[in-house]
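Below are two complexes that have chain A in common, paired first with chain B and then with chain C.
Entry: the complex of A and B
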């Protein structure tokens, strides 16, 4: 297993390098001179030069041969925009006048405060509904859940957010329409967005896991368990649930990095100062260091999550061996 | 089975805790301070460092903390420049090259963090702080966009100081390095020597970028001053949650009014700010702010979202619906000192050389209809490059090229085709955004120009890319706006000055007209007066005739406030005006109880 993990980590390095290279090239092509977005209406070359320096854009893109010759230093050769990104030396965010790491530290917990509870509740509900309706396949409950799920999947999430904001926030005034508070009051502001996430995603998850459970219900071991006379509840919760865990683990672990990234539209609409809103703002404001930094960090997190899910396979299902 | 049971119980436990927490949280309503003014801001703030901050919203907010040497009298309009940190208006030498400015005495800085000064109250503001603040703006490493706006090419030796900072390592910039044009004659007198006369300098010394910061605080916080403002203004910032909230509290070291010095003995009831605490909540989207304003969470709301306009106003009269008035909501309408236009590139071989074509396109633009249909009537059709509020603006002036007249436009098109030597080929109009408002605006213009036989293709860009193309003069037709920096026509007229036409200059249409340049050069060094006004009018006539801008509209703000707040007046320039507002706490509490 350890050999497998080391091999996977080694394989992750070129993947991440490729992602950094692609991200860097794409951003350089799309956003040729992001300094202009910050230079103001009366900006001239003097101002632009200063802003480019602050954003690290006055460095060479890949290698600085001239600098290395001048300073007689190999370090200067790699003191370039690409290697700054590669070695996590993200330039300061121009939009926030702050370091990318500090932004991550302040905004990450806000997104997690929405995403983690929403994810946990959602996962539980999805599994419970899937087990129940799969067990009652073709009956009223199954038809009802399938219909509601399709309905939920068909309505764009944005409409759900807006409708919830208007109905629960503006009309009934049960929840705040938008905004955010730290500490205890965060629950008040997080509640409606959490409910919106659950409602907008429940249909997809319930239907997906229902299909997985139905596949399992047709398996030999289920037939054997039933033939042995085990009660249906035990068949479902002990045998079926355990085998359903493989797709659950895959989905859960793969979703973890995205929990930190937050939800772009949701946070934007509910004025939640989390990572989702940070990304939206950074894209709108062409805050290159933040967007590139986050793309890079997310890709690494995703690679780690995939590795973790592979390892967890073997824990959940001992038949899987990592070689 | 046992494991599953445990997972199930843990899960139910989490959900139960969250549900109970939510219930408790919802049942305890958040405490609202009765003495606080609750308002919103609708644009993200880049920096709270006055040297770096150059956006309208940010500047208006930090002007509550920092002060400049000069400011604008509230709520006087037309705008009147008054001394703020200066004790009097500047004494200008006869050649217009030397400004001597006396400072108010006894004005103190305050650091709410109590890091720069142990008990918060700092030393007296002195001439050395003023000079240090301006040198900060001229520090290359701070990358201040205000440097080119306020100081570049104006003060003797300051450009050299800028060049020095560019070469010096960031942490080794020596602010004690002398600048010939900036001298502290004594602790309370600043002398500025100019490269050439600049009558607009007094306005620029009221620009937020020239605010005075404490030398000690700036040495301590460095670039961190953008999160820890230390000023002399009526408020201090006690909380700053990025993209969420800013809380101001009355500055305990404030002198009590902007027009007195630090030793003035004022009665407690005369001391400003009247409202001791102000909370600004950030909203990226206007609709939630509008919904919360209706629920009386906010006392003041800048601009009603377009989508909710008809909910608040009768679209025919543009007045509040009676039920809105019954709630105590009041409307404050203010034309802004800004305008939107469509520019033509002087260097383009089609539009640049064809005056009748530009005139025809301007005449085919129905400004009134656009304002009514797309802007809910919140605008004034422009008849020249100068918006209302300036001395040369005349609402009754009939500019033939800004009057919608399709037959005349078609007649001009015939001339345009002759000049072009054949039909006008399809052209491109550059837009600086990709949002729906920009698209509607572009499509509207395209449909109007189709009526005179033109085929214009809009091209949507990000703001940075748009700026890049405009600066490089790689445009044909483009859409842009301009907000005045100070109440002098020069803020608009400089946009047509030939010396700013080359790549990167503010003359984005690259317009060059020697006659205009001659008038501009004459007027730009003149003190205000009838003679300068005459020159301004001549220049405006040239701009109107040559038609390098299609002057479109001036936006009108529709701000809302509750009647428990004293009458709010929107000011285009300066800031720190929250100190003049008063709150009827009792009235608000009564109305809040009927929410």
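Entry: the complex of A and C
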């Protein structure tokens, strides 16, 4: 097990370097002049130079040999755009006059307020439906769930959000149509987005876990449990559910970075000032530092989450280490 | 094969009539036995025909011909008003039909791009192994570590507003000039250049198995060149994965267009299904539902057909996966 874990950690290093390189290439080498895009066409050379300095674009791309010679310091050699990105030294946001880290701290909880409850409710529902349906394979409920889930996968999520917004917000007027408020009243604004997440993802998740449960139901330990006369209910809840928890836990860990990121479309539609909306607005504002920083941070977080999920898997299921 | 005189059959006699010579013949037989698959195929064919027809100039004219003063509900009185009109009085039915052009362009070209990259890299990585495999594996691990939607957004962000040497037609004289990239081309690039990871991983795994098979060894022993082994022997044996990926990839591309357009990074300047749903975010609250419903139905039916067809194709072409649901 330990050999596997160590190898898995070492294998993450080239991937992280690859992510830095990919982000760097997309946002620095391929991208148009970010300073000009931010300042507009009328900006003169002095303004542009000031903006470039603020964005950290006046530094060398990879290594700064001249700077190191002038200042006689090895630190200046690595004071470049590439290493700024690698070591999370993001330039300030032009629009918000704030560091990316601080933006993350203020906007992150808003996204979490919607994503965490939605995720937990969704998981509970998915598992309950999957266990029930797998137990009644081929019956009406099973066919119904499979049909609805494939329908839900075919309709764009945005259409589901719009329909829910129109029905619950405008027709029944149970929830506000859009907007956000901090503190306790956030519940009122979070309810509809949470419902939307559940509506749009329940089908896929139920179908996924149905397959997982069906796989487990065919295994030997289930047959043994049944043979010794255990009631079906107990087989499902004690034996099957515990084994199903393995993919549940690993999936959950892999989903963690996305909880913080929020759903871009959802937050944009309901005007929720979370991380997703921050990215969308930063693209409109040509706020390169924020877009680049968030893409980079999320990717690194995702990479680490995958690593954790693999390690967790090998801890829970000792067979993995034999690979 | 036909030279072997006594042919040995391991198939029970009752099944002899079912024996077919080719993988594709078998697959077609299995597919044609499922009515749902044939219906889905028919639906996809209809979309394809409409999509091809929508390149006719009459569609360009019709989407800019107002048939009412503003919003007007659906009515059966004329074809133009069958699905109502939008805020400018343009007929929704023609906008919807025109949308198939964008959808067709995006799905075909993005698929060609992503499948082309994915299959090439996958075959090369799987067949040659060694450091080539290491580099390609590293590449797709890296790309798949960036969440897809963020990678697409980063791609569009990088390409947006940049000038490219572009083929423009001015005064009916085609020539090269510096111009901004067309949004449709931008979406195709963003989708195609980011979505090759899945197929690459699949193909690599499959080629790894095929590399050691007898038929490849035999071809190598007979002195067949590497390029020919890859293109004539290995590619046909993994091609079923490409077909399945194509039908499921098309679903993802049609839906991604909606997301990108809604986020303000997608289609501008011409109608698309994504733009129609995007317009609907303000219309719905005013009770104007027809544009949203029309576009949602168009996407929903196409994606449903493609999803079911993809499942049926997987069952027909890759029998080992059958029962995996």
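Everything below uses one rule, namely that the second predicted complex is superposed on the first by the 299 of 323 C-alpha atoms of A that agree within 3 Å, B and C clash if a C-alpha of one lies under 4 Å from a C-alpha of the other, contacts with A are read in each partner's own complex, and residues count from 1 in each chain.
Here, a residue touches a chain if its C-beta (ideal position, glycine included) is under 8 Å from a C-beta of that chain, and two chains touch if they have at least 3 such contacts.
A quick note: this is a predicted structure, and the numbers were derived from the prediction, not measured.
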Side-by-side fit of chain B and chain C on chain A, or clash: clash
First (chain B), second (chain C), both or neither touched by A:298: second
Chain B versus chain C as contact partner of A:159, first or second or both or neither: second
Touched partner set for A:97, first chain B, second chain C, both or neither: first
Greater chain A contact set [chain C / chain B]: B
Partner chain in contact with A:268 - chain B first, chain C second, else both or neither: both
First, second, both or neither for A:307, with chain B first and chain C second: neither
Touched partner set for A:151, first chain B, second chain C, both or neither: second
Contacts of A:174 with chain B and chain C, given as first, second, both or neither: first
Which of chain B and chain C A:50 touches, first, second, both or neither: first
Partner chain(s) touched by A:187 [first = chain B, second = chain C, both, neither]: first
Offending stretch of chain C which, after superposing on A, collides with chain B (from 41-49, 167-175 or 221-229): 167-175
Overlap of the chain B and chain C footprints on chain A, listed as residue numbers: 31-32, 37, 165-166, 170, 177, 268-269, 280
Complex contact set, residues of chain C against chain A: 138-139, 141-143, 145-147, 149-151, 153-155, 157-162, 251, 255, 258-259, 262-265, 277, 280-281, 284-285, 289, 292, 295-296, 299-301, 303-304, 307-308, 324-325
Sites on chain B touched by chain A in the complex: 1, 4, 11, 14-15, 18, 21-22, 25-26, 30, 44, 46-47, 49, 52, 54, 140-149, 152, 162, 166, 223, 226-227, 241-244, 281-285, 288-289, 291-292, 294-295, 462-465, 467-468, 471, 482-483, 504-506
Chain C-facing residues of chain A, complex: 14-15, 18-19, 21-23, 26-27, 30-32, 37, 150-151, 153-159, 162-163, 165-166, 170, 177, 207, 210-211, 214, 257-258, 261, 264-265, 268-269, 279-280, 283-284, 291-292, 294-295, 298-299, 302-303, 306
Residues of chain A that touch chain B when the two form their complex: 31-51, 53-54, 94-98, 106, 117, 120-121, 124, 165-166, 169-170, 173-182, 184-185, 187-188, 191, 234, 237-238, 241, 268-271, 273, 277-278, 280-281, 285-286
